[in-house]
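Quick one: the structure is below, and I'll ask about it shortly.
Chain lettering (A, B, C and D) follows the sequence in which the chains are written, and residue indices restart at 1 in each chain.
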Amino acid sequence: MSDSLKLVAFCGSLRKASLNRQALHAFVERLPAGASAQKIQANGFPDKVQAAQKAMLEADGVVLVSPEYNYGISGVLKNAIDWLSRTTPQPFAAKPTVLFGASMGLLGTARAQYQLRQTLVFLDGRPVNKPEVMIGQAHTKFTDGKLTDETTGKMLGDLGAALAFAVRQAKAAATVK
Amino acid sequence: MSDSLKLVAFCGSLRKASLNRQALHAFVERLPAGASAQKIQANGFPDKVQAAQKAMLEADGVVLVSPEYNYGISGVLKNAIDWLSRTTPQPFAAKPTVLFGASMGLLGTARAQYQLRQTLVFLDGRPVNKPEVMIGQAHTKFTDGKLTDETTGKMLGDLGAALAFAVRQAKAAATVK
Amino acid sequence: MSDSLKLVAFCGSLRKASLNRQALHAFVERLPAGASAQKIQANGFPDKVQAAQKAMLEADGVVLVSPEYNYGISGVLKNAIDWLSRTTPQPFAAKPTVLFGASMGLLGTARAQYQLRQTLVFLDGRPVNKPEVMIGQAHTKFTDGKLTDETTGKMLGDLGAALAFAVRQAKAAATVK
Amino acid sequence: MSDSLKLVAFCGSLRKASLNRQALHAFVERLPAGASAQKIQANGFPDKVQAAQKAMLEADGVVLVSPEYNYGISGVLKNAIDWLSRTTPQPFAAKPTVLFGASMGLLGTARAQYQLRQTLVFLDGRPVNKPEVMIGQAHTKFTDGKLTDETTGKMLGDLGAALAFAVRQAKAAATVK
């Protein structure tokens, strides 16, 4: 379809070679036609919080990509969310949101993702339920920074389509008084 | 407004004098005009699962009331959900849902509620984010089976209104292709 | 070593052919010499709760095996824990405990296990941290009821050894005033 | 008793007037005789990580004080933990640890504390189960930076005693081969 879809994406890892950054790249490549995603660096946040908030308020949806550190969200990503949550209007509210992540273990950031979902309750976000994309053993699924695993590619594509659909549903819901 | 609102409600406690049952009663009393709630007993479930599924499929929304036992969901309620989840079509899917609970401690079943929210991810439910109603020190808030705490009554009323609104939004969203 | 090790084991699935029951069997086979495990049926619990409590009080450690249903603990196992928690003395307190589970998905009951760990905070249990045994894609790892996956067998053996060690540590700790 | 007890304490809030900082102060004041706590600033961590690790390795126990932001751990504290977890030997391993926190809401950082407990599974920590100290409505319990609520003071004192006891138990357990 010809709808535009404006997304804002956060990556909880700051490393250039991060598997999570590569997964985000693979997600963006598979977005429906007409979609665009502005990537926001989660580092050194306080001075950039206004710009990030503005981008989020103008966006249709949010993408949260988090590595899992010590069975939880990246501290860097959590810090960025904490800063953004203090702005008014709070920019996560009512926004369709997808989460995913990559790890070398089998669970593929599952624990971090459930913590993020808990945070989104407070922020009144609209996390998409399915598909849940937990990219385990991620070091075997990327080569030279490119996703090479077809199943993962399919899931990321499905997740983008699910987000696009959730955005259309949210727009219809927003007309209700 | 004159819309009807059909709800199905589960209470995770089987005791007659349960504070959670009383809280459910207080919630139903405060629903918007035109709303009705069918209460489903969570006990002895297997033989009644078809009837419960049917009621849910015909309902606009779901109400889950759980006591907190040992920092988790009532086993009885979990068992009922587990049985229902195996029916086709799975009746929690895409249904606006509210959760609340009462306990004698300060946290008012918070831990059980976050476990229920996690279960609703898998079931593709649509849990309402706000208000979160965690009725702590509940034994001080009911007399002779009636809710006497005004703040709690207000929150339960707001929760009913939020559910009614979520149902209207879900109906608008369901028209999207 | 020649120490005896008395364990009590619960399986959250009631099915005869349950992968979790098979995993429990594989765990027991790999226990250190001198260890024994009494399996307690989690079904129809109320009338048997006294006997189960007595077995737990006499045991050195506890084994909790749970399938994951709808991203949470089996309702049947939760119900058994809820009943046992009401007995005095509460039999989970200060007992070294291991948890594991098997599922056909990739996460191998991870979500259920973290819920059980939360319950054990309230019950003052002593869950072993490592290894965490989450048997994903379990249907490919058992044949005719026997565990055939070597890596899983190794982890279950390590878990038994870790429990035996935790029991010895708990006995030393129990001498402290 | 005359045992010394060396603790390392982290506060997830950086603000001078933080209620969590005040709660940490109240905790330290109520420690058993002979105990000392070195407070480590969680800010600007990377360059100080070695010193913090060294202090932890020399300490008998760990104190984690976290505000709750957006239903989760302070990003600043999580970041500090993430940095420390990469050092060898990993300094949380096998260390008796207590957690507490203060918030203006009713739940007193409960959600953040359960996330921290999950992180401690991976870090092989030894979190004390009881008492759980969740200081809700904290703004009513401190005056001019001093704790004025007697119940909270009693719980913090009990928590310090529980930590001292857990340290003695851990020392006895550490003699086991």
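The rule is short, and it goes like this: contacts are C-beta pairs under 8 Å (C-beta built on N, C-alpha and C of every residue); 3 or more make two chains touch, one makes a residue touch a chain.
What you are looking at is a predicted structure, and each value in this text was computed from that prediction instead of being measured.
Across the two candidate interfaces, B-C and A-C, the one carrying more C-beta contacts is B-C. Annotation: the A-B interface is duplicated by C-D among the options A-D, B-D or C-D, judged by over half of the residue-numbered contact pairs being identical. Averaged Cα coordinates give subunit A a centre that lies 36 Å from the centre of subunit C. Look at where the CA atoms of subunit B average out and do the same for subunit C: the two points lie 31 Å apart. In subunit B, the residues that touch at least two other chains are 111, 114, 118, 121-122. Interface of subunit A with subunit B (complex): residues 114, 117-118, 121-122, 124-125, 129-130, 132, 165, 168-170, 172-173, 175-176. Within the complex formed with subunit A, the subunit D residues making contact are 69-82, 85, 111, 115, 118-119, 121-123.
Listing the residues of subunit C that touch subunit A in their complex gives 106-108, 110-111, 114, 134, 136.
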